[in-house]
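Letters A, B, C and D mark the chains as written, and numbering starts fresh at 1 in each.
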Amino acid sequence: MSFQYTILILLIPLACFLINGLVGMKFKPLLSGILGTAGLGIIWLLSLFTAYTYFFQVGQVNGEFQKIVVINAEWLRFTDKLHIDMGILLDPISVMMLVVITTVSFMVHLYSIGYMHGERGFQRFYAFLALFTFSMLGLVVATNIFQMYVFWELVGVSSFLLIGFYYDRPSAVAASKKAFIVTRFADLGFLIGILVLSYFTGTFDFIALTGSDQSIFASGAAASFMGLSALTWAALLIFMGGAGKSAMFPLHIWLPDAMEGPTPVSALIHAATMVVAGVFLVARMFPVFFFQAPAALELVAYVGGFTSLFAAIIACTQFDIKRVLAFSTLSQIGYMMLALGVSGYGGHEGLGYMAALFHLFTHAMFKALLFLGAGSVIHAVHSNVMQEMGGLRKYLPVTHLTFLIACLTIAGVPFLSGFFSKDEILVAAWQSNKFLFAVEFLVAGITAFYMFRLYFNIFWGKEKTYAHPPHESPLTMTIPLVLLALGSIFAGYLPFSELISSDYKPFETTLHLSVAIPSVLIGLAGIGLAMLFYRRESTLPDRIAASLGSFYKVVLNKFYIDELYLFVTRKIIFNYISRPIAWFDRHIVDGTMNGIGWVTETSSQKIKGLQSGRISQYGFVFAIAAVGLALVFIYFIN
Amino acid sequence: MIEGIPMQHLLIVSLFMFFAGVCGFIIRKNMITILMSVELILNAVNINLLVFNKYLFPEQLQGHFFALFVMGIAAAEAAVAIALIINIYRRLNSINVEEVTEMKY
Amino acid sequence: MNILNLFVIIPVVTMAAILFTKDLRGARLVSAVGMGLQLIAAVVLIFSFFALRKAGDSAEFLFYSDVTWFESLNIHYAIGVDSIAVWMIGLASVVVFAGIFASWQMEYLSREFFISLILLATGVFGFFISLDLFTMFLFYEVAVIPMYLLIGIWGSGPKEYSAMKLTLMLMGGSALLIVGLLGLYFGSAQAGEVTFNLLELSRINFPVTMQRFFFPFLFVGFGILGALFPLHTWSPDGHASAPTAVSMLHAGVLMKLGGYGCFRVAMFLLPEAANEMAWIFLILTTISVVYGAFGAIWQKDLKYINAYSSVSHCGLVLFALLMMNQTAMDGAIIQMISHGLMTALFFALIGMIYSRTHTRNINEMGGLMKVMPFLAVAYMIAGFASLGLPGLSGFVAEMTVFIGSFQHQDLFHRVITIIATLSIVITAVYILRVVGKILLGELQNPEHQKLGDALWFEKLSLVLLILPIVAMGTLPLFLSNTILDALKPIVERLTAMI
Amino acid sequence: MRNELILAILALVILAAEIFTTAGNKHKIITWSAVLFAAATVAGFLPHPEGELFGGSYRTDQMTVVMKNILNLGVLIVFLQSFDWLQRKENHDKISEYFLLVITTLMGMDFMISSGDFLMMYIGLELATIPIAALAAFERFSSKSAEAGIKLILTSALSSGVLLFGLSFIYGTTGSIYYADIAPQVAVNPLQTLGFIFFTAGMAFKISLVPFHLWTADVYEGAPVNVTSYLSVISKGAASFTFLIILYKVFGELLAVWQPLLYTLALATMTIGNLFAMRQDNFKRFLAFSSIAQAGFILLGILQAGNLGSTSVVYFVLIYVFTNLAVFGVVSAVSHATGKENISDYKSFYLTNPRLSLTMLMGLFSLAGIPPVAGFFGKFFLFTSAASAGYYILVFIAVLNATISLYYYLKPVRAMFIDKTDTPIATFRTSLPTRISLVMCLAGIFLVGFMSIIYEFIHAASFGL
């Protein structure tokens, strides 16, 4: 059957955006909210339907999932070979992403009706949400890398708009600016990567790039620049773009600040969808990485591993609950990148590939849940700093329960979805690279620890006295929580390896107890430690922090990375490049122009003595000139 | 009666007169004198014309006629000049050329 | 009658009509009507042009007509357009029309203002339609001169200085041009009669030595108007001092004359020299792309920021032209149009904001989003367009330029392309800096609390400019393909000898 | 010959009128002589036979007729502009003198132009110089005017002396004063070069080329406005015509000498003229230097030594007549109405007298060579002719000079349109003749450029080496 209707999945959010954006101000707030949510509901169902038909009916032809190009219209022609097309490509990962995005986005739309109730610019909020959803969907169904880049930029800008939603808060403005510029910088790498890739392969098309025919890469593999093959450079630069969006170290600095945005936005963009775009990009280009640029792939693995550890450590020290979640997001995405990095190609070799996307799927569920739960908490206590919370479990029962589920999931407690996906990743790591496995193993423990630190600090710990007693959130907010909770419990039971694999051929996976049991144990250990520290008020954590001393301080300040960046931008770019250039332009370049004028003026002043007004002098000049000319010409011409 | 005087001598005389006139024009301060030095120049010209005519092209009289016209016009010029000098004298009570420098630069 | 003549006749008639008006109301009404007709004529031209193309008329220039003017010198009034010129005319008429509305409340000497503004427009239109280098140059000068009066009389700040600097530098440019044009004129003698006719000149292969001599004259001569580093310094001061409509017209259209002339005259007619010397100018333009962007970061005056970004963007135009492959040049043309629209939009907005806040210093403004949302949103759109957001014209232009330039076989060209791409990040930095400072954040100056939003004529002129930007950004295919077709002969001539 | 005869008769008529009119209605002479001269101008356009008189001393052909007509036009405009001035009381008894002197000088110029030998040319030259000295000193009670007169007469006496000295050598080497006989015998040798260069010095004095220009500024400033305009346009034009003709018709063989010579002179003239003009505030002095610079441009045309050159020179002078007289018309109107002659007095002139300042604007743009006014075409064709001789560098420098000149031509514009002042020149109404003259000038400025037929007509009559 044909998938023509999938075009609606793109068009409906676009329509919502245009309606809410152009005439939304005329509406009642609630109306536009309902409009947006309804639109999202429709496309959610559509994409679930698409997924069902694709995976279980028509997608698989003689044991291999097909890449179905639903439509592909030329948008801009550069040369006969190079042209940007706009189209829809359905294959396992894009369909999977459709489901993830629409699900989370729908939940967030629903949730926001309650959460954003009474905010200024409610309609604007929904317009931006719709814009984001549209761009994100366009990104995942892209048929060619340039279409992906187009929507990549759009995603960036809608994230900019949403982070800066409270545009009269300087901090929010700063954060949005930071996010945009950092990702923009990364995107520059992406763009150059595309340039290089297209120069050598002469195509943007994913089908061609990821197809079995490797001949197009010949010239690129041959050409080498600074010791690496051109394709490796291309892959690295493209990964740079991915790292920017997915906030991999060292381009991660924008993500924690991005928490300035409304919490639902954080849930949608900075937990579930946009930040995994990098993972999706690498997965999309996986054959290129694997066959043409193994070095780049290895880098991906190490960057992922490092980020996951690095972020996990920082997460243990943060007090702003959203920031804790942000860092945990970083570390989880690190997992996925690592999995991709260590993955092989085809069959069981490609376990990491499958694991990464599996984890992406489950992570979307439980991280969205965590954020929305956090949002509900913040909604209740009007603060997002841990110290001002505690013992909320009896005020917010639903939130408490769902939040707990989420924490257990992320901690990898058995039989919850997180357990399965994380297990696959660890196995993949174990198979290829013991060192990275060790790192991840450690991170699993730390994750459990900081998640439960969070959990206990919010819901247990010492009773706080609240200005006005917190109360459970309205239904529009709790329903999504419950749904997502169900998602994060059962998502793990999907036969993922049946559906998604590096070579589009289903394969079998089994639970590897040899890896699973230790990881569960370390997870439980982390939980226990957290319980010990934070179950009820105790001074233990502070003492430990004190004993760690300066290290603790460094970690608390996120290893001073932001300060470093600030130094580079403020000092270097502004003071040592831009300012001198401005000066140079005003004084040297412009000065020369004025100098010419000045010279003319002064020379005209200097020679005015020639016109002395004295007849004798006139006669003198006349005679001298006549005689002089005569002599000169007689002498030279003859 | 000028047989035996080679042409060059006469030319040298006229050349000398010419430069004398030019120098006079430049050095002299009294306008009348300046006018006289202009006359010197014109006479140098006349000598030239006549000499060339007499020595080189004796069959035609173009040089002579030219000289005659030059004299006449010189007279006219002198007349107007003197009138103007008188005018200056009325204005400045002086005919020193150094003093008519109101307009300069 | 040839429709192209309208583009000279309508402005002249309008100017004459303005003479009979009494005051501002009359003058602006007449000029709005006149330029409205001009806009309609432009639309008609575009449609009829592509109708003819569809009908299979494959002549290089359509609507060609040729009247002998100075017979003994073989100077003609020859007009004709290809699709590039058509799009340029479209751009010009939009910007001019918007400019009229942007200066809707020009109280002081209003009739004179509108007359000189339209005289400027006349020059621009004449330049784009004419195919005889003499008439082309004539219109070019016509376009340059009213600038002095416009800036000097109605400008702000150190207006006399800026006006004088601008006029003299551009005149210096035309000094170079005259020499180059005369060189072509007498060089054409080798093919029989001397001529200024672009078509006939384009059939001649000039001797290389002669090309080497005259190419710099022509290229730099037009380049000055195209803000070629280091001869761009007239532009920041000039734009900063000029009244709104004039900045719009000047940055939006007049600077394009430079780029247009560069490839239509200098490179097209002297291909060998162009290929030989491209690298020098490539380096210069690469500098001005990056340099202009960096220069913009430090500025505090909105108009200066925009002027420097214009230097950077126009630098990109020349940069792409010098890459001399179809895609890059296509990108250059699109960039001309897109930059014309968005910089006009910028200057219009700056003028409108200035007329309310009476300051252009970004540190004295803030949080204007609250008090003037329409202007603020329009400003953000302009900003996004200029930092190359997909869906707006800037993206299409820049991408085409970069892809095209990077297709160049030579490593040097690819490296400087990558250097040039840096500008898109820097652009983002200064655009966001401005947006963050003046539009977002707390309301800086309580005085601004009571300022009003855009009035109807302001909205009109803004929408006029925004619509084409969005249109180009979302559906660029037709535009780009038509330009590619028009570029074919030029590129063929340029690459013939490689 | 017809033109000269008419002028002579006209002069006699005016003389008679002077004698027979009572003191009461001398001012009628102004109108009448203007009208008569207008008639003479019109008559000049009637078809005219070519030919020689006095055994070749006097020749006339289409080109000379065109030149004379241009001069007549200019003089007519000058007459119209001098009405206000002559109607003043102190000039009341000098009216006919003025016309007499002007007409005689014009006659002298006509003789210069259509002279067939050096004697005739010399007589014409003096006839065109000496009375002008009287004209320059016309305002008996102004010391400036007197100074102008004396400076002109003395320096011109020197220059004509030098010129004659040069001619004497030409005569000595060729044995004739007739152009027709001299031309074949001219060759590049020391004596002839010397003679030629002295001759050139004399002509350069009349055209006021640097370094023979020093008298110009002072005389222009001192003389009455209308006399200045007459000097700067008519006598300069006539001199350059004569120079052109003699160079082409007589000294063609010396091309190798005079092309580099004119090259240097052109460079010096344009540059020095511009540099001096930049500083001036007195309008007449300003225009004096600007006219020097313009003379430099004229040389660009003469250099070319072909039909293109002669055409462009004559065409340029025609445009220059209209242009310069437009500016001078405004200046004289202002100076007669208010006595102000400085650029700084013109501040916010536009607000009080828009029409006059627009006329001035057009004139200045045309002088600077800005389209769409005629000056652009004039200059462009001069450049064209220079370029056709291969002097691209010279053209480049010339255009740069044009740019500098734009700088100072814009100074009055700035004063009139931009600068503000509390005491602008009061609004005043110009007399009818002035208005007519200005209209004529504007018509010229706008039409001569676009109407290529005029150029073609001149080209048809043009001549080369």
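Simple rule for what comes next: contacts are C-beta pairs under 8 Å (C-beta built on N, C-alpha and C of every residue); 3 or more make two chains touch, one makes a residue touch a chain.
Just so it is clear, the model here is predicted, and its values are computed rather than measured.
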Moving only from a chain to one it touches, give the least number of moves from subunit B to subunit C.
-> 2
Could you say which chain's mean Cα position falls nearest to the mean Cα position of the entire protein shown?
-> C
Would you kindly tell me how far, in whole Å, the mean C-alpha position of subunit C lies from that of subunit A?
-> 37
Quick one: report the Å distance separating subunit B from subunit D, using the average Cα coordinate of each chain.
-> 27
Whole-angstrom distance, CA centroid of subunit A to CA centroid of subunit D, is 78
Please report how many Å separate the Cα centroid of subunit A from that of subunit B, as a whole number.
-> 98
Residues of subunit D that touch two or more other chains: which are they?
-> 150-151, 154, 158, 162, 217-218, 279
Scan subunit A for residues touching two or more other chains and write them down.
-> 608, 611, 613, 615, 619, 623
At which residue positions does subunit B touch at least two other chains?
-> 22, 25, 34, 97, 100, 102-105
Each pair of chains that touch: what are they?
-> A-B, A-C, A-D, B-D, C-D
Residue ranges of subunit D touching subunit C (in the complex, touch as defined) = 311, 365, 370-372, 376, 380-381, 383-384, 387-388, 392, 395-396, 399-400, 402-403, 406-407, 410, 413-414, 417-418, 452, 455-456, 459
Across the complex, what residues on subunit D touch subunit B?
-> 118-119, 122-123, 126, 130-131, 133-134, 137, 140, 143-144, 146-151, 153-154, 157-158, 160-162, 164-165, 167-169, 171-172, 175-177, 217-218, 221-222, 279, 285
Which subunit B residues qualify as touching subunit D in the complex?
-> 18, 21-22, 25, 31, 34-35, 38, 41-42, 44-45, 48-49, 51-53, 56-57, 60, 62-63, 65-66, 69-70, 73, 76-77, 80-81, 83-85, 87-88, 90-92, 97, 100, 102-105
Could you please specify the touching residues of subunit A with respect to subunit B in the complex?
-> 608, 611-616, 619-620, 623
Subunit A-facing residues of subunit C, complex = 165, 168-169, 229-230, 232-234, 236-237, 291, 294-295, 297-299, 326-327, 330, 367, 369-370, 384, 387-391, 395-396, 399-400, 402-404, 406-407, 414, 417-418, 421-422, 424-425, 428-429, 432-433, 436, 439-443, 476-477, 480-481, 484
